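Both of the next two complexes hold chain A, though its partner changes from chain B to chain C.
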Partner chain A sequence: MALYFLKRLLLSVLVVILVVIALFLLTYAIPGDPARVALGPRANPELIAEFRARMGLDQSLATQLYNFFVSLLQGDLGRDAISGEPVLNTVLSQFPDTLYLVLGSVLVALVPGVILGILSARYRGGIIDRISSVLSVSVMSVPAFVIAIYLLLVFSIQLGWFPAIGAGTGFWDRLHRLVLPSLALGLAWIGYIARILRASILEEMNEGHVRTARAFGLSENRIMYDYVLRIAVLPMITVLGIGIGQMLSSAVFAEVVFGRPGIGKLVYDAIISRNYPIVTGTVLVTTIFFVVVNLGADLLVAWLNPKVRHDLSR
Partner chain B sequence: MSEKNALEVRDLNVSYKVPGGKLRALRQIDLIVPRGEIVGLVGESGCGKTTLMQTILGLQSSAAVIESGQIMLGDTDLLTLGPKQMRGVLGDRMSAVFQDPMKSLNPVLTIGRQMTDIQFRSKASQREKRARAVEMLEKVRIPDPESRLDRYPFEFSGGMRQRVAIAMALMAEPDVLVADEPTTALDATLELTTIDLLRELQKEIGCAIIFITHHLGVVAELCQSVNIMYAGEMVESGPTRAVFDAPQHPYTELLFACDPAQIAERTRHLPTIGGELPSLINLPPGCVFEGRCPKAFAPCADIHPRIVTSGGSDMVRCHLRDPEVTK
Partner chain C sequence: MTSPADSPTPGAAPKPDPAGDRPAKRRGAFGRLISDPLGMLGVVLIALTVLAALCAGMTSWDPIALNPLARFQPASSEHWLGTDNLGRDLFTRVLYGARIALTVSIGATVIAMVIGVAAGLIAGYGPRWLDNVMLLIFDAMKSIPTVMLALMLVTVTGPSLYAVLLVVVLVNAPAYARMARTQTLAIRRAEFIDAEQALGAGQARIMLRHVLPNIVGPILIVAAMDIPVVVGIEAGLSFLGLGVRPPTPSWGSILFDGFSYIRESAWPVIAGGLPIVITTLGFTFLGEALRDTFDPKLGGGN
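Coming up: the complex of A and B.
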């Protein structure tokens, strides 16, 4: 387990390094001069040259990449090209809103997903099974922002049940305003989680230990919840880890559509104003978050397996 | 049914729904399991042993259709019970040990948890249930049972797991234990100790055992009577001694001839029974063994043999032994 943990950690670090390089190259390749954007169309060439020198934009690609890494390791993600604030502060101040959104979306995906998964495995081929199979494919193929717009149209504009924009103040208000964006991000994952859980429950149900449990007259409920689900949730946890990354990227749309603060909105505005330090900073923080979540999911799966826990304690 | 039988299967017919029609897996099966006796059930793969075992336990697949018959456990016909009533019988009056000890225990629950879970009928406290589990583990000679309760199945060897499975099955002191090839996955020495253990516990508890195997040596060693199945039919039953001394059905004879333990001379090739099992979807009109039988004669291809008593065997399904046919 210790070795597994180490390997998994090294892999995560490698992923982050690769993402940093890719990110750097991408912003480098984006057309348009950030100095001109920052200084406006009427800036004179001297000012532009001075700005480029100050931001290190006049150095070679390799030097810029090197400098980028050095400052990252010092926790310096650069300064906002427009406001001059440290990027890390800006990103971290926006992060909690996105985190709530992702948590809300995970709940939206998980609770109905697990219930549907169990029911469709239990009553295989029944009406719930068939409906969830059709729904999962159809909902999965609709992009989150389309769902977001329809949710807005129906529940905010037509029915007026939920406010259309903003994150709100105070717990209940914030929760109220979290419902629609969470639905927009989470809906697509309900079917996916249900199908994965259903498949692993059905697979586990064929195992010999389930037959043994039945041969002792244990009830089907007990077999499902105590004997099967413990094992069948493992693939779902892995998928959910990846799903959180997907939800983070969909958060950009949801935050723009619902006018919520958050890192999605932040990165969207930054791209439009060519505020590169904010873009790279946001993507980097998101990547690290995603990598940590996945690492957590993998370790949780490993820990839930008594064999792995046993090897660790040795 | 008579008081001296723990379990009686009467004229059981089971088929499977398959794309080509109906696969008639079990036909006119009779099986008598006297109280406190060990009864062997022998046959090659695909003969219906597993279907019979599953049907007795009510754990048959959803594709299985029970066409007719009775499975009497005492005065109860198990085939008339609903799922809930059947659950009431399992793990109480009847329990089972399965073939693969590596797979028959839950991998993520401790042995103790699984052994206390199956005592769900008992009103005893958790501590008393654990004590009962320890007592059973001692009986199957698991060393240091107290601390083993908190271990997971993967921390046990195959032989130990099978002993745990036996301990679980006998914990409720059932009337009937169905043992589905419990020693097949074990190596020869473990097989012997496991069989000794099973016999010892059987004497102590007084339960009857249906012992399913394809190992004839085990049957000779352990069982008071033996039932031979072929292609979904019971072809011969009788007291072990009598059947082994003078097998009445040609299939039984060949089965003994193929048992490596029975071969006295050195040979390059082990004997086999040539040919294949008949199709159970389109059954031949005559005897199911006709295609492979070295003694087949005129009526065998066309007429299905009836059950007769012959030699020391209680029943045999063969024209050769039927005085009406041979006279």
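Coming up: the complex of A and C.
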């Protein structure tokens, strides 16, 4: 078990290092001289040379990569090309708004997903199962930004139930404005969750200990909630880990459509204004967050799985 | 042992088919696909998209020419889906958009498939260290959330159709690579491969004759499921102004133009979004039906 944890952790660190190298090389490949971009068109050659020396741009690729890693470890992601603020501060200041959005989306996905998953496993082949399976496939395939725009059109513009722009102030206002963007991002994951839960419940139902419980005459409810679900939720946690990462990055659509602040809006604006340090910084922070969430989900699943835990205690 | 009256459970041994089922089994793969209502619906929706792409240019409007006097017209017998903020006929633009969507999604998926399978074969067949390095690279590629990876790449390459292709290949190729790798590893240990080798068959022959045929089915299913994702990526990037350049009509850019003027008219938004919904649903339904038809084991999670 400890070995598994260690291996999984090491793998995550390696993945992050690879991603950092890839991002660095990509930044390097951005067309145009970063010094010129940062200093503007009217900079003279001396200024440019001075800037290049200061930023270490005149050194070899390997040295630059090394410097990039060193400053990264010190939490230095460079400076905003326009405001001059540290990139990390800007990204972290926008992070909470996106996190609320992701949290809302997870709720949107989880509650109906779990209910549908349980019901369709329990009444397999029945009407709920069939409706749920068609529904799952349908919501899974439609892109989030299309859903976002249709929600905006129907519920904000036509019906006027929800404000169209902004994250709001105060708890209830914020919650109110969170509804549509959360729906836009979370809807697709209802399908994934319902499916994976249904499949793992059915698989678990077939296990020996569950059949024994049934033979002893335990009620179906008891079997489902006390025996089956405990194990059957585990694959769902893994899927949810992946889902959180994808929601985090699809947040750009919900934030642009609903005019919300957040890292998606930040990176979008940064691309438009060619503020490359912000783009790289946001991608890096998001990726690290994604890797950490997945690592957490995997470790949690391993920890919660009695089979694994049993092996550990032996 | 359980009683024969037990309800059927997944993973249970298949019962011998009663004689009555035989004719159904003999139907061709396409027949079985069509008999699945969702598969049938998928085929119809895809046919609709293909028809739209073929019919582009047959309407009496120009997809690009501006007509400021006819801005924001609702749907009518003249403009079937109304007009956009520049007075362009939306129906015509949607038809041209179908061409972009289909070429990009099918083209990009095929490229991703070829590159991925090649990488997977190399990983599965190569030395152990190469396999490990490539697995790590696949993992790293999968660890960057899709949209973020797309945004980052487009920042470097600038908005273009090729940027979209590159994004799709990078996002989707690892999945094919993994499938090809797993299959290669599984088959490498099979006895008949040892026999082949003993008979003097080269590596290339083994890959082409034994490994590839085994992965074609599952890979095509994944490809069908990938196409809606690619349609979404293309439209999404174009929506953000980072994909196909205006004035070329892409469903994503139609949707963004509509979004910018959503208070003036709902028609541009409806016109831009509906084809995306139709196409993604079509390919997803088809992919699901293909999976149920050819490979029931592939169901669920991975």
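We adopt the following convention: the second predicted complex is superposed on the first by the 273 of 314 C-alpha atoms of A that agree within 3 Å, B and C clash if a C-alpha of one lies under 4 Å from a C-alpha of the other, contacts with A are read in each partner's own complex, and residues count from 1 in each chain.
In this section, a contact is a pair of C-beta atoms (placed from the backbone, for glycine too) under 8 Å apart; a residue touches a chain by one contact, two chains touch by 3 or more.
Keep in mind it's a predicted model, so treat the numbers as computed, not measured.
Undergrad: Give one of first, second, both or neither to describe whether A:Met140 is in contact with chain B, with chain C, with both, or with none.
TA: Second partner only, chain C.
Undergrad: Is A:Pro235 contacted by the first partner chain B, the second partner chain C, both or neither?
TA: After superposition on chain A, A:Pro235 lies in contact with chain C alone.
Undergrad: With both complexes overlaid on chain A, does A:Ile157 touch chain B (first), chain C (second), both or neither?
TA: A:Ile157 sits against chain C, while chain B stays out of touch.
Undergrad: Which of the two partners, first being chain B and second being chain C, lies in contact with A:Ile131: first, second, both, or neither?
TA: After superposing on A, A:Ile131 lies clear of both chain B and chain C.
Undergrad: Now for A:Val252: first (chain B), second (chain C), both, or neither, which partner does it touch?
TA: Once the two structures are laid over each other on A, A:Val252 reaches chain C alone.
Undergrad: Answer with first, second, both or neither: which of chain B and chain C does A:Leu6 touch in the superposed model?
TA: A:Leu6 sits against neither chain B nor chain C.
Undergrad: After superposition on the shared chain, which partner residues are touched by A:Arg211: those of chain B (first), chain C (second), both, or neither?
TA: The answer is both, since A:Arg211 touches chain B and chain C.
Undergrad: A:Leu47 in the overlay: touching chain B, chain C, both, or neither? Say first, second, both or neither.
TA: Once the two structures are laid over each other on A, A:Leu47 reaches no partner at all.
Undergrad: Give the label of whichever partner, chain B or chain C, reaches more residues of chain A.
TA: C
Undergrad: Kindly list the residues of chain A that each of chain B and chain C touches, one partner per complex.
TA: 211
Undergrad: Would you tell me which residues of chain C are touching chain A in their complex?
TA: Counting only chain C, the residues touching chain A are 2, 9-12, 38, 136-137, 139-140, 143-149, 151-156, 158, 228, 231-232, 235-236, 239-242, 255, 258-259, 262-263, 266, 269-270, 273, 276-277, 280-281, 283-285, 288, 299-301.
Undergrad: Which residues of chain B touch chain A in their complex?
TA: Residue list for chain B touching chain A: 57, 59, 86-92, 95-96, 98, 100, 103-109, 117-118, 120-121, 152, 154-155, 165, 168.
Undergrad: Where on chain A does chain B make contact in their complex?
TA: Going through chain A, the ones touching chain B are 207-209, 211-219, 222, 226-227, 230-231, 304-307, 310.
Undergrad: Going by the contact rule at the top, pick out the chain A residues touching chain C in the complex.
TA: 11, 14-16, 18-19, 22-23, 26-27, 29-31, 134, 137-138, 140-143, 145-146, 149-150, 152-153, 157-158, 195-196, 199-200, 202-203, 205-206, 211, 235, 238-239, 245-246, 248-250, 252-253, 256-257, 267-268, 271-272, 276, 279-280, 282-283, 286-287, 290-291, 294
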